[in-house]
């Protein structure tokens, strides 16, 4: 239902260890998050236009194997936890050619207004809250 | 009077050619630009607070030799041209250890308001204009 | 014959002017270059495995309008000049939704070995040279 | 004894939330790691020249408050755990102007050879191991 986000490794993303630098994975996770919301029919750009931001409060990532230039990566995002004030999202990044898991991670976000003050999403955007709730991992 | 900006190469800035990726130089140029304004006593963050932005309209860069992890780089920014609607800045990036020129470049910027509409800097911020004029390359 | 490379703006690519930072365009150009070679049947990752590198010697870019988060960008790469020791590539980045040209640029590259010493591509990889020649802009 | 690493926020590091993008903190942590080893008299560039790499196996980061353009950040790196096959490093990033803690994190690294195979650091580089051991947090 929610196919993975396909990412082609960029040359600029490699480092002199000849693998993708670890700081790139949070950017890929974000691309998968963006894609997830796009496919769910509520693009993140629209959420921001409604005055709601989603800053990170925590990031965790475990690295199993390096992604290389020439690789295509499949990143899967899934909602792990949801509350009116925060959301927790899981990610898995696989190498497309052989399905090997390269990295997995979690991001925790607060729901805030444009001044980065915490809001109650369930009250402020009940439709969005319901939509996210329906996507919660079983 | 305006000493160079010192930059220590970051591991993340290297690519699998084992040199700094070319897309990093515009970021270093910007750091030198920021430092130049800071030293001139009119920080760019203050300019933005006054509602003035400085988006790029053009970037040029020539690469002579690669910067490497472990290198310290000296970047010199100097004002090449100034008009009420635009500014042109020159950059030279040298390796500190032996003074070798690694790259040089130019950025051209428009003076705009927060909606990215062109403004006349001489009218809107005469003090800033005068300050920049005094820094023009002879 | 060589359709454009489609790029979805990443949140991390924006800056506080609420447009994509100019240093990102060289990365997009590179993605288009990678895609061009992939579609031509001679992936750049393969070129590197054969011991040939393609470092930049020059970059130029003009910025007309800012790309925004939520935009999809189409980047077209085309070979402008080719010689046994260098290659010059042109890029145009359009916003997909309305076709507006956001930026255009040029990169000039040297053909080198793994130690970044200039090589003669026509001699060292005649098949690749012929392939690139056939793609030259008319 | 080991003063903090001073980092000036770069414009390119901000995003459209007008704070530094979260993917930048791992890069700052790395800069602090590099600086730590430099000050300890065993630069990381030298470690790599001896054929030893230090890829990440895990990254964690908690974000308390956003860093802004115009801020100077102090990043403190300290060794939390050390074994012959891995090292764990802690980071704290404070805003220089008022000392507020913006983020803190941990990176876990494996000691490997150039093919990213695990090595025993205590055997392969006993001097480096001893040096790191002496820096362990009490």
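Lettered A, B, C and D in written order, each chain numbered from 1.
Everything below uses one rule, namely that contacts are C-beta pairs under 8 Å (C-beta built on N, C-alpha and C of every residue); 3 or more make two chains touch, one makes a residue touch a chain.
Small disclaimer: the values here were computed from a predicted structure and weren't measured.
**Student:** Which chain has its C-alpha centre farthest away from the C-alpha centre of subunit A?
**Tutor:** It is B.
**Student:** Between C-D and B-D, which chain pair is linked by more C-beta pairs in contact?
**Tutor:** If we tally the C-beta pairs in contact for C-D and B-D, the bigger total goes to B-D.
**Student:** Can you compute the centre-to-centre distance for subunit C and subunit D, using the mean CA position of each chain? Integer Å is fine.
**Tutor:** Centre separation, subunit C to subunit D: 33 Å.
**Student:** With chain centres defined as C-alpha means, what is the inter-centre distance between subunit A and subunit D in Å?
**Tutor:** 24
**Student:** On a C-alpha centroid basis, what's the spacing between subunit B and subunit D, in Å?
**Tutor:** Distance between chain centres: 27 Å.
**Student:** Out of subunit D, which residues touch more than one other chain, so two or more?
**Tutor:** Touching at least two other chains: 11-12, 16, 23, 26-27, 30, 48, 69.
**Student:** In their complex, what parts of subunit C are in touch with subunit B?
**Tutor:** 16-17, 19, 22-24, 26-27, 30, 48, 53, 55-63, 66, 116
**Student:** Which positions of subunit A touch subunit C when the two form their complex?
**Tutor:** 8, 10-12, 26-27, 30-31, 34-35, 43-46, 48, 68-70
**Student:** Over in the complex, which subunit A residues touch subunit B? Could you list them?
**Tutor:** Counting only subunit A, the residues touching subunit B are 11-12, 14-16, 18, 21, 23, 69.
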